[in-house]
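Both complexes below contain subunit A, partnered by subunit B and then by subunit C.
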Partner chain A sequence: MRGAALVATLALLPPLIGFHPYYVYVLSTAFLFATLATAWNLLAYGGQISFGHAAFFGLGAYGAALTSLAGVSPWAAIAAGGAVAVAGALLIGAAAARLGGAALALATLAYAELWRGIAQNWTAVSGGGAGLVGIPPLPTLAAVPLDLTRGHTGSYYVSLAVLAAALGVFGLMTRSRLGLALRAVREAADRAALLGIRPITWKLASFALSALLTGLAGGLYVHMVRVVEPDLVFGRFFSIVPLVMAMFGGLHSVLGPTLAALGLHLFSELLLHPVAPALHQLPYAVALIVVILYLPGGLASLAKAPRD
Partner chain B sequence: MSAPLLSVRDLTVGYAGQLVLRGVSLEARAGRFTAVVGPSGAGKSTLLRAIAGALAVAGGEITFDGRRVDGAPAWELAARGIVLVPEGRHLWAPLSVRENLELGAFLPRARAAQDETLRVVYTLFPALEERQDARAGALSGGEQQMLALARGLMARPRMLCLDDPFLGLAPAITHRFGAALRDIARGAASVLAAGQHVGRLLRLADDAYLLDEGRVVLAGPGVALLGNERLRRTLLPLGPAPQP
Partner chain C sequence: MPLSTLMQTLVSGVMLGCLYAFVALGFAMILGISHSLNLAHGEIVTLGGYIGYGLWAGSGLHPLLLIPVAAAALLPLAFLWHWMLDRLPAPRALPSLALTFGWALLLQALMRVLWPGPHRLISSPSLGASTRFGWVTLNHGRAVVALAALGAIGALWLAVTRTRWGRAIRATGLDRDAAALAGINVYAATRITLVLAMALSGAAGVLLATTHYVYPTAGVELTLLAIVLTIWAGVGRLLTVLLAGLLLGIAESLTVAISGPAWREPVIACLLLASLLARPPVD
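After this line comes the complex of A and B, so read on.
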């Protein structure tokens, strides 16, 4: 508990002690990726592997951008983005009733590509390939000093709060009936059915929850970068990177994906990008290879004795 | 006589074109212990799995509590009260004993009574209470069998289907286990058990069926079957009478 309080305090500090706005921004995006990895891991908790989480990120991004551009408050717009992502998840989640393993992974990959195609061609709504610009920034809060809610500093605290919420949701899930059902279904769906646990109900629930967190992150992201484009938000980058972070951090673990996300993203952006821009995505590939060949349980397996 | 709780009529089930059940008919009554015995490969497990909805039915009818249930998915049948404890335990090895039992009581009806059922189950198997925080995979074979049965009971089934419940149990435990099953059949849930422990099952059974090559070849009260010449010939073509 004391450790958690210490981490929380440290996390609040960077904008206050004069970090350069660029570093504050990079840290904010690291929190966003940690949220995405945690959300991806929530789906994997029920044994479902997605290669297409960009679908939910992009739906959240477009949902929030369009709502915001219609004049609604960005806070409500981000919530609307989450809702759009959930709706999109229930569509593909229904396919999860019949698909599992690699087939589901490929279906999700195709699903993200499908939305990218729609966003590129449905110009009247999505702005086509050029996307949408002029998305307003996150509003400042009257109750809080302006310096804490403006610009990169504001985005920093909001993305930190979203990450904390995602970790809270994940932690509660592992202790809840949902978590128990997902563990049962992940190990043996047939056997769970013999006890009256309907696998699709719980698989859909984990799809919806995972997409909600991913969509909220997408909605927040567009209010940070202030533009949205199909190739950006529906691109494979947002499908694969959360997967790599979650697997490197440790499938099914609460904190592993966040640690992996922060470590990989900061290493890639702050250390590698300045010296070798062309190679800055290399850590993700290396992390994936390490997990597959040497560390199947990810970073989390280093911290505790392995459970079979 | 009242209508049977479970009635199977002319049931056929096959795997990959090969029929395993070739027109099986049987009945299981409420408040009774019904046993299905037969040589290995006779179709006992297939029969139980088909009744519990874990296998597709090729033909025939299954009626539970007056309703057709063949073709219904396993989770729906479990919700209606048919719960199968499959052969070979099939526990969630990484989960704790307690978590396995909670999974048993997942249905709303079972969950409402979870604490009460848990007391009953722990009275029946004190070893499970002592080890409730242990991983199910770390239990001994006998304890795992108890846990599998206990998990089935946690679902508050109306019809508990047991596939080879005595498999791998030490003789002393088998005896207590049998007594527990008979009590269950008289009170909590009707029992339909299949297995290879012919003597023990038939002595417990109110009603019994002999299954051979996918067909019922003999039916009657458990003890009556025990002395039947046909049963001896089917199970032990060359050997002596079956021992418990």
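After this line comes the complex of A and C, so read on.
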């Protein structure tokens, strides 16, 4: 507990002690990716591997952007984005409920591509390939000293709060009836069904919860970058990155995906990007290949190994 | 739509369908032999196209002569794939999907670095000409591509149905353990299938690059196409891949002729989703 308090305090510091705004921005996107990885891991907790989380991220992004552009407060718009993502997740979750692991993974991949195509062609609503611009920034909070809620600093604290909330939700989930049911469904779906656990209900619940967190992150993201384009938010990048981070960090572990997200994103942005910008996806590719071939349990299995 | 346009559209669709079936072969073969899904398949075909383009731009030889070179250049991937697939725990479908997703990304990054800038096309003058037969104009390049694809599919079909090693491949795909018990060297059968799959993918890439622009992420759509055709054909079938390809090629030509090219990609994604829901190829 003391360790957690220490980490939380340290995480609050960077903007206060005068980090360059660029580093503050990179850290806040790292928190956003860690949120995505945690949300992805929540779906994987029930044994469902998604290759298309960009669908939920993009739905959240477009839902929030359109609501915000209609004049609604950005906070309410981000919540609306989360709701849109949940609706989209229930749709694919229900349609693909009976598919096995690999077929479900392919179905989610196709689902994200489908939404990208719809966003590109439904110009009247989505702005087509050019996307939507002029999305307002996050509002500053009147009650807080101005420079803590403005610009990159404001985004930093909001993304940190969203990550903390996502980790809290994941931690609570593992200890709740939902977590118990998902573990049962994951390990032995037939036996769980025999005991009266309806796999589809619980799987849909994890789809909804995972998409809610992902959609909220998508809504937050568009208010940080203030544009939204189909190839950006529905692109493969947002499907791959949470998958790689969660698998690299360790499936089903609480903190592994967050640590992997921070490590991989900071490595890619701060060390690789200045040297070879064309290769910024390379660390994710290598991390995924290495983890599948050599470390199926991810980083979390390294931490546990000595005790076994 | 006037009859002449319809005829032209159907002919274009048939030729496109032959190419699609050829592109899908490598994916279908790897799924059939090893029950693993190769999400990097499209990137491998695209890499074959880039190698063909590089050789053509460097040497000025006729593109068709470069097909064997591009096919041979991809052979190391066959041994790499064999080694990787051997390491995966059974059932392999899901881990192979994640592993090859990583490879798709890696190959995209590689191609982005090796061939930056504009999209590439092998625009050989001899393939660019066309001949008119009544209502229908036949582009030489597309016709040659279709014939080459038909030839390759036919030869492969003969090989796996009429030769001993072909039967060994089919037996291994049907039931690996039973094939091993019957004295078949399943390791060698898997290796030869992977070698053939990679060589055919490289060849398909060169043919593709003579009629379609290649770019680092061109493979994404090719992979989706290959999965759709494999589901339509059924796992482990070769000639029906050709039928499925023809169906998709004609459907695509008609769609583009009626509603324009904008909806092409979402339609393919939609077909994949519907096919998966109706008839998942793996558990």
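A few notes on this one:
Rule of thumb we're sticking to: the second predicted complex is superposed on the first by the 303 of 308 C-alpha atoms of A that agree within 3 Å, B and C clash if a C-alpha of one lies under 4 Å from a C-alpha of the other, contacts with A are read in each partner's own complex, and residues count from 1 in each chain.
In the analysis below, a contact is a pair of C-beta atoms (placed from the backbone, for glycine too) under 8 Å apart; a residue touches a chain by one contact, two chains touch by 3 or more.
Bear in mind the structure is a predicted one, so any value in this text is a computation, not a measurement.
When subunit B and subunit C are set side by side, the one touching more residues of subunit A is C.
Applying the stated contact rule after C-alpha superposition, one finds that A:L172 touches neither subunit B nor subunit C. Shared-chain residue A:L271: touches no atom of subunit B or subunit C.
By the document's definition of touching, of the two partners only subunit B reaches A:L180; subunit C does not.
Shared-chain residue A:R198: touches subunit B; no touch with subunit C. In the superposed model, A:D190 makes contact with subunit B only, not with subunit C. Contacts of A:L279 after superposition on the shared chain: subunit C is touched, whereas subunit B is not. When the two complexes are laid over each other on chain A, subunit A has no residue in contact with both subunit B and subunit C. Within the complex, the subunit C residues that touch subunit A are 37, 84, 87-89, 93-95, 97-99, 101-103, 105-106, 108-109, 112-113, 116, 220, 224, 227, 262-263, 265-270, 272-273, 276-277, 280-283.
Against subunit A, in their complex, subunit B makes its touches with residues 52-54, 73-76, 78-79, 83-84, 86, 90, 92-95, 99, 102-104, 106-107, 110, 135, 137, 151, 155. Contact residues of subunit A toward subunit C in the complex are 49, 51, 95-96, 99-103, 105-107, 110-111, 113-114, 116-118, 120-121, 236, 240, 243-244, 247, 276, 278-279, 281-282, 284-289, 292-293, 296. Looking at the complex, you find that subunit A touches subunit B at residues 177, 180-181, 183-184, 187-188, 190-199, 307-308.
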